[in-house]
Amino acid sequence: ACSDGQQADQATSGDGETIAISGSTSVGPLAEKLAAKYETDVNVNIEVNQIGSSAGITNAMNGVSDIGMSSRDLKEEEKEAVEEVVIAYDGIVVVTHPSNSVKDVTMEQVKQIFTGEITNWKQLGGDDLEIVVVSREDGSGSRDAFQEIVGYSSGELIRNAIVASGNGNIKTTVATNKHAIGFISFEYIDETIGTLNINGVAPTADNVLNNSYALARPFLFVHQAGLHEAGEQFIDFILSSEGQDIVEEAGAIRLD
Amino acid sequence: MDTTHTDMTKANKRKYALEKFSSKLFLVCALLSVFSLVLIVGFVFYKGATPFVSGEYSFINFLFASDWVPSEDKFGIWPMIVASLYATIGALVIGVPVGLFTAIFLAEIAPKSVAKILSPAIQLLAGIPSVLYGVFGLAIIVPFLQNNLGLARGQSLIAVIIVLAIMMLPTIVTVSETAIRAVPKAYREGSLALGASQIGTIFKVIVPAAKSGILAAVVLGLGRAIGETMAVILVAGNALIVPTSLTDSVRPLTTNIALEMGYAAGTHQEMLFATGIVLFSFILILNFVLSKLSKGGQ
Amino acid sequence: MERGYKATKINVDKLNLFYGDKQALFDVSLNIQEKEVTALIGPSGCGKSTFLRTLNRMNDLIEGVRVSGDITVDGENIYTSQDVIKLRTKVGMVFQKPNLFPMSIYDNVAYGPRMQGIKNKKVLDALVEESLRGAAIWDEVKDRLKTSALGLSGGQQQRVCIARAIAMKPDVILMDEPTSALDPISTLKVEELISELKKDYTIVIVTHNMQQAARISDKTAFFLNGEVIEYDETDVIFQTPNDSRTEDYITGRFG
Amino acid sequence: MERGYKATKINVDKLNLFYGDKQALFDVSLNIQEKEVTALIGPSGCGKSTFLRTLNRMNDLIEGVRVSGDITVDGENIYTSQDVIKLRTKVGMVFQKPNLFPMSIYDNVAYGPRMQGIKNKKVLDALVEESLRGAAIWDEVKDRLKTSALGLSGGQQQRVCIARAIAMKPDVILMDEPTSALDPISTLKVEELISELKKDYTIVIVTHNMQQAARISDKTAFFLNGEVIEYDETDVIFQTPNDSRTEDYITGRFG
Amino acid sequence: MRQAKDAVLRGLLWASALVSIGVLLLIVGFIFYKGIGYISFDFIFGDYSPTGGGGILPMIVTTIYTIIISLVIATPLGILAAVYLQEYAKQGRLVNIIRFATESLTGIPSIIYGLFGAVFFVATLKLGMSILAASLTLTIIVLPVIIRTTEEALKTVPQSYREGSLALGTTKLQTLYKVILPSAMPGILSGIILSIGRIVGESAAIFLTAGTVAAMPDSIFSSARTLTVHSYLVTQESGDIGLAAAVGIVLIVLIFFINMTATFISKKLNKADF
């Protein structure tokens, strides 16, 4: 369970070492898939704990975990304590109720919606329905990235926005409310929700890679300076093309 | 018999030693919860008091300001205090009577065979994870409110109150039912023999006699309601406004902590712990009022 | 056996009672006269309490009790007529063990009347005092009416139970060894009270005290193993019993 | 007042007892002789039960009770010596209200001995039978020893309580109106039992029944409002009492 | 008038019971309706896959681990603490403090327990993220429930039982386990059942202390994922309500059997004594 003592004999029994990973819930599923594949090839034991970016970074800093996962940028003091590796990119999609007739918006309109300047779908050519904004919580990596790219700050977010924690909750909220608009990771898109093109560009991995779709942010692994051999090898695996294939399969965006 | 010696018999000596030891042991067990509380409170205060001790932020401001924008260093939790207050009172107002009446029904009115099935069924409700209550709220209650009250968003104070009231039920029903069942039969007989109706007997003799247990039920149910996060996050909407109606989205203190803790760092994290301090005070005051209430009636 | 000038208040006909499989009463038939005191005597466990409790249907509360036979009060069959509350207002009861509620003495006595809808404080005050006086306990408790009834001594509690029953002004009062926990003086007072009450009320009393039965009752029924062995004028039972078992019992030669 | 040939078993000296602020016993001094029956009489609420319960320190259990004065059993001060268990094994008690445990009859009687470490089934069986016989209840319960004791009638329960106390083979038995719930025959049996027991045991009994006190006791103490008014040979108390209040009470003129 | 009032109250009693039962049926029905389609042999015994959600056997095992460890620690501790408060302590300041502390513990949100557990058990006591650390955290969470319900149960034991037993020269301890605890059993049991519910239903306190590793735990020192944490993650991230509900079905069945077992054991214990 941990890198310190308790399980020393277990970790070394056989030659399977343990890599303890913890952190972001959005990076977590991807890390689990990478680990599952890696474990079939190499005799190591990888533990992935999805407990949130900050908790993961903290764990990496104080040694509870070998590697922390983050979907947000590191703070200055964190950067001093740990090293970061970008393992993939994640696209962010603006989503609505599937019945919503509005399918295309400009980045400016997105900003106006989330800051409360546009409050009715009919202003965008849709039905006469009040817009209900659904945002992620303050501190979320998706939200940070989304706000930065769209160009508004947390203080400007419309006050009565629904705040949901996690992609899944936004998805459920938006899927059950005709009024709603929100944003989630590429990975979680399915037919229960409608997606919006931004400035006429569809949210696809290709469009992210060719820089025509702007809403994307990095997935990070962080670790202390002297990460053990097994950990280093795992990171190498992820960055290899085999690893990046898995990234793509999982619905995230490969680095190259 | 052996009256020559004033000494204790050997066997009794052992018994007293055991007695002494066990009473010490029991005390230690009892103090453990105090110990835990002190540890946890200490932990929360240690984490949460820093921004105020350092003088960077004003605690009064923290309490009464209405802006909560951590990324811009604005920490005001007034809307959440109001939301917690309303949500708790609302849940109590619905959950306590329904729970208590259900308990009475099961203990006094329902045929034994029916109660035998229903009581465990209600206890089962206690084990359903709060996340699923939240999902239930989000998938059933929220759309229901949206559709029937013509709201743009069903995530609201009323949704929180309903979900919390439901979550309190198993605790209140189970603990009160046990208390009511433990009321001596002689009271029931005495009252019925005086020509009191079954209902009269229940409300005038049995419920008052079970008062202490019922209060425990309320305290435990309340604890469940105040401490609940996962279900509330899903149905509250978590908007940062001071609620003025039951249909407003709200963010109670607990959800604020649970919502942002996973990603918070630095001052933001400390402020979430400070929210915990406020929540604590809230719990302490509530428990204080309840214990006064229970003493007052005795 | 009956004197013509007193009406039948309670008529019991071929009553059988079972606790689950165990039969506790066998074909009991009794005719209880209005405004008389009827004493039930017999050895411990013979079914006196059980019988008494059928008269106001308190046995309904015990699971597994089955009753057959007819009981009428004022000509009305109490088991077919549904109004158990009316029956119990009319037929009051004092139990073998004092069973006061965990309330103040005052509230205990005022309980029944309040349940009947009496709210007026003056009326209640008067009723409580009258009832407590009636039960020979007023002087001992008048200064502590508002304190918990459970702090009283056993005998005091039993007398408050009697007061509680009297406060209902019932037609019939059933008493299950009401004086067994009382000292002679209180006993005497309660006995006097019974003689007083019988002017207006019908009283059925279970007692182990032969002298008491002889002193206060008009009729006496002798129970044995769930049967009524003999039922007659008290004088007859105590002086010229028909059945040798009755004689054995009252002279203490029995068993 | 004392006969030289019997030793003092219990000596009570200037005992005062308070329930919170309320004083229930005032300067009670009594000398209880070994292998005698001492009866405590007095009106309801005068402190008989309270006094009895100080002798085996049962009052310790009631919160807010304060005691001053000395009580010695076999010369040993029971309040300064710490061995309350030994005291209570030595000084058994039968309460005013039967208080059987929710267990079988057998387990109730075997409870005390088992707690003393007796495990042998034969020994226990014999002890249980002997005790139940001693309490004049064996025949009634011998076929249902394994059924719950709470299904017994009031009188039956009280006799099982007596059996439970006897099973401990104590030195002293305190009895709080042990026969108030019993019928005359059982009462007689218990009285005979008391006379039997007194050969080996010291017995203190609270009773409301003057005849009983006169019949079975050697000494009698008359309590009034928490004080001992008179304490003497039973014959003296009942025939030539010193105090007029004693006379009033036993002749029933009191109150 | 009185009859009318009685009728109204009786109506309210029925209505409340119907509401409670209705809610129960609605929730259980909802969970079964949404989740039953996912239940299959593979769902439980298959290999875990991060996408398909199959293979929840490790989570069932982890859940059972946490229940057992937490109960094994919390039940005796809680009962003994309640015994102290109710039977041994002089009612006074100390007792009031303990009681107040206990009650205050009930209202603390589980996320705070989780953070505390992460700092105290995981980091300070160096238990690491593990089933044990989570169980200890859960122990603190359910302790107040057990203490409070046991206390209430002890209060209802008639004083005459205590007197009867002590007068026979038994010690308090003997009286306690022979007479008092057996007759308080029903109340204690309901406390335990509520605690099981709390343990099983917890998520925040568990994933911060035991983590979310979706593999069969080797020992109680392993990091692992409980059923509830699984359904939490599913709800939180993928929003797959059906999958979360399917996990819920497994939980309901599990709790049903555990509650039955607890009831059975307490009955057995009772029989053994009487």
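First chain written, first letter: the chains are A, B, C, D and E, and each begins at residue 1.
In the analysis below, a residue touches a chain if its C-beta (ideal position, glycine included) is under 8 Å from a C-beta of that chain, and two chains touch if they have at least 3 such contacts.
Here the structure is a predicted model, which means the values were calculated and not measured.
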item	value
Subunit B reached from subunit A - shortest hop count over touching chains	1
Co-neighbours of subunit E and subunit A - touch as defined	B
C-alpha-based rotation, subunit C on subunit D, 0 to 180 degrees, nearest 5	180
Reference subunit D; chain at largest CA-centroid distance	A
Comparison of B-D and B-C by number of C-beta pairs in contact, larger one	B-C
Subunit A and subunit D: spacing of chain centres that average the CA atoms, whole Å	80
Averaged-CA centre spacing for the pair subunit C and subunit B, given as whole angstrom	48
Centroid spacing, where centroids are CA-atom means, of subunit C and subunit D in whole angstrom	29
Distance between the centres, which are taken as Cα means, of subunit E and subunit B, whole angstrom	14
Overlap residues in subunit B, where contacts from two or more other chains coincide	15-16, 135, 139, 184, 197, 200, 234, 258, 261
Shared interface positions of subunit C, touching two or more other chains	97, 115-116
Subunit E: positions in contact with at least two other chains	2, 158, 171, 235, 241
For the subunit D and subunit E complex, residues of the former touching the latter	56, 58, 61, 63, 85-90, 92-93, 95, 97, 99-104, 107, 111-112, 115-116, 148, 161, 164-165, 168
Residues of subunit A defined as touching subunit B within the complex	25, 51-55, 57-58, 72, 75, 77-78, 129-130, 132, 137-141, 144, 153-155, 159-165, 169, 172-173, 176-177, 179-180
Subunit C partner contacts - residues on subunit B that touch it in the complex	112, 184-197, 200, 204-205, 208-209
Partner subunit D, residues of subunit C touching it in the complex	19, 41-45, 49, 96-97, 140, 151-156, 159, 177, 180-189, 208-210, 249, 252, 254-255
Residues on subunit B engaged by subunit E in the complex (per definition of touch)	15-16, 18-19, 22-23, 25-27, 29-34, 36-40, 43-44, 97-102, 104-106, 109-110, 118, 120-136, 139-140, 166, 169-171, 173-175, 177-179, 181-184, 197, 199-200, 203, 212-213, 216, 219-220, 222-224, 226-230, 234, 254, 257-258, 261, 276, 279-280, 283-284, 286-288, 290-291
